[in-house]
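Next come the structures, one after another.
One chain, subunit A, links the two complexes that follow: it is found with subunit B in the first and with subunit C in the second.
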Partner chain A sequence: MTQTRSLWEHGVKTGIIGGVAVLVIALVGMVESFHRRDIIAEVITMGQVLLLIGGVFIGYIAAKRTGSDESLAPGLNAVIGSSVTGGFLAFLVIVGRLINLRAVLVNASPMLYKLLTLGHKGVAGIFIILLIGMGCGVFAAALFYLPRLTRRVIILSLSSMIIAGVLQDLIRPVIAAWGPVAVVSEWLFTGNGLTVSGSISIVILIAVVMTAWALKGQDIKSGYGNLSGGSQRGIKISAFFMLAVVLLALPHILGLFLSEVLTIVGLYVLLGLGLNIVVGYAGMLDLGYVAFFAIGSYVTAVLTSPELGFFSLTFWQALPFAVVLGIFFGVLLGIPVLKMRGDYLAIATLGFGEIIRILVLSDFLRPWLGGAQGAGKIPKAAIMGYQFITPQQIYYLILAGCILVVFISLRLKGSRLGRAWMAMREDEDVAQAMGINLVATKLLAFATGAGFSALSGAIFASKLGSVYPHSFNVIISINILCLIIVGGMGSIPGVIVGAAALVGLPELLREFAEYRLLVYGAALVAMMILRPEGLWPEVRHKMELHAEEENNIGEPEPSTAT
Partner chain B sequence: MAAILTANNMTKRFGGLVAVDSLNVEIEENSIHSIIGPNGAGKTTIFNCITGFYKAEEGVVLFDNHSLLGLLPDRIVYLGISRTYQNIRLFPNLTAKENILVGLHCHLKSGFLGIVLNLSKTQKEEKEAEEEADRLLAFINMSGKGDFLAKNFPYGEQRRLEIARALAARPKLLLLDEPTAGMNPSETQAMMDFIQHLRDELGITIILIEHQMRVVMGISEIVTVLDYGKKIAEGTPGEIQKNPDVIEAYLGRGSAAEIR
Partner chain C sequence: MFQRWKESITPTDIVMWLIGGTLLLMVIWGSVATLVAGKYTGRHWIDFVIFGLAQGSIYALIATGYTMVYGVLRMINFAHGEVFMSGPYTAYFVAAAMYRSDFLDKHPFTALFVIFVVAMAISTMIAYFLEKIAYRPLRGAPRLIPLITAIGASFFLQYMFRGLYGSGFQAYPVIKIFEGAWVIFGIRILKFQLVVIVAAILLMAALYSFIMLTRAGKAIRAVSEDKEASSLMGINVDGMISTTFIIGGMAAGAAGVLYALMFKQVHFFMGFIPGIKAFTAAVLGGIGNIPGAMLGGIFLGLIESVGPSLFLDGLGIPAPYQLKDAIAFTMLVLVLIFRPMGIMGERLAAKKA
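Moving on to the complex of A and B:
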């Protein structure tokens, strides 16, 4: 008896959790509004895909929690888990048809039930929900038993297809702009969703590429390793040039809207790299980081805006002042919080961020900073007649800033200073005993971070042409911290990936903006559970958190980071 | 021989508790000097006072004619004192080599601009530091393990690595806090040889806090015994072994008489 119970346990438990989650997703209206967008035209919609992914995910988790043995138990639990989840939806449909839930739950509409039952009425509809749930479970079980490589290939090729479908509005115009290649776009996409042949070919293409890489990738890597130093360098240099060409051509390939998204991502990369020095390297949790962004913006505004009418410097003349004042305030904030650690530091810096925002908003400083109306007519940057006005032009300004900041971050990381920061993060007392001056080292971290942030703020002011206090809300600080954590603490590529994921993606999916925070929150929780080291972690953190998954337990693992 | 470190009347209190009670001690240059005593006798507190973690309320501590009281730990290491810790305190998420490079921190000078501009001076300094780190790794028999995270090493290697990090500061005086804690007899013997080697080859003065009597009696020239923050005896290992006060402190009142 107990044996049977424990056998079913994981499936039922996971299924219940998943069922509740799916109910929430359905009842907040996500499924219905996603239903308007087809992934594959006339075949499957985004709403359905969302539910299917949920079902499969729950089944897979149920199987994984049961254990990794070869017996039937995990598979059985996968089916149970997904079926229970399906049961929740079936229950919703039954209850919804008997009682009018709409008085309380606005989104529990007949449309939703029709969508869930694929349009079937009565008992048939209920059976269809349960059947689909079970089907998800079977698929999850199959995934679970497949070898790791096959599983990866299947998941990646299917998800690429889904991503292509979700981002169709962005991909289509980009491809269509390429003359002869435009035919591909016609063939892949319809007005709403992928074509059937298009989606199948994407899946096959990605699967083939993945498999080929999995089978031959090791050979290619070792082949590269065997090359002489000279030709390795040649490959590196040509790769570098290709990257440079792509980065330079990017705004023209992507068009106006995507370039605008890129500039926003770029500003967050600048901010993220600055905070990465304070939080990622030096381990000081700073929640008032947006203050320096505000200082950079407002210094630029005061020095350049004719509307405020104090100075009328150009952007380039104002920029050094903005950065220097940012650094100055970085040090100024640093001094009172020198002795604080961890959560105390977080609260103190949070206060500082709010002080700056409220000062800017105050009537007291209104004659100088413009109060709630902000300040406008901030001139665009220009180099020898070339003006940075459109997003496609400003992109280059931000790219230059990002390259500079990445370069400085890289240099600092492997240096005496970077090591001092990391030592301080690991153990402050011991770091001090090794001759590290805590005051100077901490202030330098604050100053460097603040300088990057002020640079970002100055570009932001010039990009927008105006500054308003509400642009510098505390939520910006939280967002920057989140993108560092999601990207991977202390990792420079991690910051870039994190900014693209947390700032770029929501911009791209603006039509679903009402669910933005819900998805954002769910994604953060999922990240912390499934991949706490971040999307692109520093090598050492990856080793630390996933050490037990590797085969060589007990053996110390090499780090390529030096 | 001259004294490298002199403590006169050093007193450290925590509230009402007197952790170190007017201690007078002289450490001879180039000696191995052990401090022993029951748990809570104030041994580690002495280390913390010497290295600047705590500020002694009274007394004078002189090292090489510099007064140490009131100096911060990061200044004291520049004078030539470095230490290890009772419970190993490596930087766990830094590699072995990075740990040693942090130990070298006080001998590197490159600043923010030098680093960002990658001046030739900085490059040269960094290259020399890496070479020295490799030499130190070789010295503790851990060549080729520089790129592993410190926390992944077995216990004995972590102990050695911590000593290497302390040595990287090129100290004249090295404070070792229970370097053989938790070691088996053969590891202990290796550590004893290593400590003697440090003194003989590098000419470093060593103060040792130790519980294993075999180590204390085997390698130290002078032993100071503490009990409740007070020095109760000092002398060569032979003298200490026979001292009735010491036996009493360790085994309880009346034990000395019984043994006799």
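Moving on to the complex of A and C:
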């Protein structure tokens, strides 16, 4: 009796957790709004894919957590886990049809039930849900038993197909703009998603490439390693050159809308790199970072906007003032928090951020800053007659800013100051004992971060042409924090990846935009528990976290009761 | 003596004293100017004070949750504001249903009791699972990691409830018997404000006696004193941490209902600002110190309610009430700078730093 119980115990437990998670996903409305986007046109939508991925994932976890020696046990648990999850959804449909859940849960709509049961009414619909749940479990079990390589190939090729479907708005115009290649786009995409033949060919293509890489990749890597230093450098330089060409040509390849998305991502890269210095390098959690963004924007507005009517400088004349004042405020707000650490620092900076926003919003400063209505008519930047007006033009301005800031960040990282920051991040007391001047080092971190942020703010003001206090919400600080944590604290490519993923994706996926903070929150928690070093970790930071794990290996795993 | 004192002063200390002194001067100047101008009468001030007491006692209840969690885990439970929000937001649907069926007006006390029970149950549940899912795997992680997790959990919960219940403001039904005002010793007090104050005081007394008198309370105090030693003494540390979250959740849920009674609406974002303010209150009273958190909450509520009219009006600032949150946050920053151990937190100050 006990034997059988422990056999399916993990399956049921994982299934219950997964079921609750899937219920939440369905009831917050994610499934329904993702349903509006097809992955494969007329066949499967993003909402359905989301649920299927959830089902398979739960089955796979259930299989993985089974510690049993019995070879059939993981598969059994996978099926049980996914079926239990399906059972939760079936339960939702039954309850939802009997009583009107919508009075409380706004997203428990008939549309959702129809979607879950694939349009079947009555008992048949319930059976379909259970059957699909079981199917997910069988698929998960199959994945579990397959050899590692095959499993990776299957997962990667399927997910590339899904990504191709999700990012159709990005991929289609890009391919379509290339003349002869446009045929590919017509073949791959139709209506509101991939074609069936297109999706199959993507899966096959990726599978072949993956298998080939897995078999031959090592040779290519060692072949590159065997090349002489000169030709390695040659490859690097040409890769760099190609990257530069692509970056310069990007707005023309992508078109107006995607360039707009790019400019937003670029602004967040600027902000992220600034916060990366404060949080990632120096280890000081600053939640009021948006304040400097606001200061940069408002200084630009006050100095240039004829609407406020104090000065009418050009953008380039105002920019140095914005950056310098940003740095000044960085130091000014940094002095009081010098002695604080960790959580106290986070809350104090959050307080500063809110104070600045409230002051800007108040009637008290209205004559100077425009109050809730903000300030408009901020002139666009121009160099020798070339005006930065459309997103495609502003892109270059932001690109220049990003390159400058990336360059500064890179140079700072290896410098004496950068190493001092990282020493301080690891242990303040030891750093001080090693002769690091904590006051100067901390203030320099605040100043640099604030300067980058103010630069971003100035460009933002010029891009939008107007500033409003509502643009400088605490949510922005949280967004920036999320993107550097997801990307990897202290890592420059991590910031860029994080900005592209966390800021670019929601702009491309309108359905997703509403749930971005929900997903960010969950991502932060999951990242901290599973992968605190981020997606693209900084080498040293990763080493430190790994060293910690190695120390913990001796201790028994803490039992997770759930 | 003087020599040594002189040597320990750094330029940053001087800057801080300058900032502090300037603010103090502004406060004094503003208060004097306001009082001299005589724009507000005694009646106004009494109203401000009562409103401040009511608001402050709500902050105090939330703050106890922060302070207890800080005591046992040494972390700021940033998501506590969402624990506070979840209860009354869920109970709103119960309240609205009872209002529609006239139950609320016929049996107001039973109805209110049901609302409290629902709100406290939901808040407790959220707090319990929050600890179990998000915080428990992170025991012993570097300090920033639980804080970032808590921020993530906070936004996840906010937007989960937004997704579940919708993004609009929901007007809490009005309980008729609490409308109007009583006159006590010649002072006119709005009924619901008095109810909020009395209920909060009763709840705080119950909570304090739980912590001080029961065995579980003693165990919680032991855990916040020293985790390892208390586990050696046979205390189930994980269990006590869960208990702490449960009690904090109950207090937050009850505070949430009082908040909804006072401001008569609920919203998915309603926990964020009160949460930060309650944290301010907890720091004010000395974090980790329960009576301190209660006093700090009431003090903050008073400052916030009296402050704008008293300090800012005299300085000639238009619409000073808009700046009440700025006053609260300035208080927070000032306390963190000048007295991070809080009013009553001497004991913990040595351990922190």
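Just so we're on the same page, the second predicted complex is superposed on the first by the 487 of 562 C-alpha atoms of A that agree within 3 Å, B and C clash if a C-alpha of one lies under 4 Å from a C-alpha of the other, contacts with A are read in each partner's own complex, and residues count from 1 in each chain.
Following the convention adopted for this analysis, a contact is a pair of C-beta atoms (placed from the backbone, for glycine too) under 8 Å apart; a residue touches a chain by one contact, two chains touch by 3 or more.
The structure displayed is predicted, hence computed values, not measured ones.
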{"item": "First, second, both or neither for A:Ala431, with subunit B first and subunit C second", "value": "first"}
{"item": "Partner chain in contact with A:Ile378 - subunit B first, subunit C second, else both or neither", "value": "neither"}
{"item": "Which superposed partner A:Leu518 touches (first subunit B, second subunit C, both, neither)", "value": "second"}
{"item": "Which of subunit B and subunit C A:Leu444 touches, first, second, both or neither", "value": "first"}
{"item": "Contacts of A:Leu258 with subunit B and subunit C, given as first, second, both or neither", "value": "neither"}
{"item": "Subunit B versus subunit C, judged by how many residues of subunit A each one touches", "value": "C"}
{"item": "Overlap of subunit C and subunit B interfaces on subunit A (superposed complexes)", "value": "558, 560-562"}
{"item": "For the subunit B and subunit A complex, residues of the former touching the latter", "value": "51-53, 72-74, 77-78, 82-83, 85, 89, 91-95, 97-98, 101-103, 105-106, 108, 110, 112, 115-116, 118, 122, 126, 129, 145, 147-149, 152-153, 165, 169"}
{"item": "Of subunit A, residues touching subunit C in the complex", "value": "24, 27-30, 103-107, 283, 285, 287, 335-340, 342-344, 346-348, 350-352, 354-355, 358-359, 361-364, 366, 439, 474, 478, 481-482, 485, 515, 517-518, 520-525, 527-529, 532, 558, 560-562"}
{"item": "Partner subunit B, residues of subunit A touching it in the complex", "value": "408, 411-412, 415-417, 419-420, 422-423, 426-427, 429-438, 444, 448, 540-541, 543-544, 556-562"}
{"item": "Touching residues (chain side subunit C, partner subunit A) in the complex", "value": "10, 12, 15-16, 19, 75-76, 93, 132-134, 136-139, 141, 143-149, 151-160, 162-166, 272, 276, 279-280, 283, 317-320, 322-323, 325-326, 329-330, 332-333, 336-337, 340"}
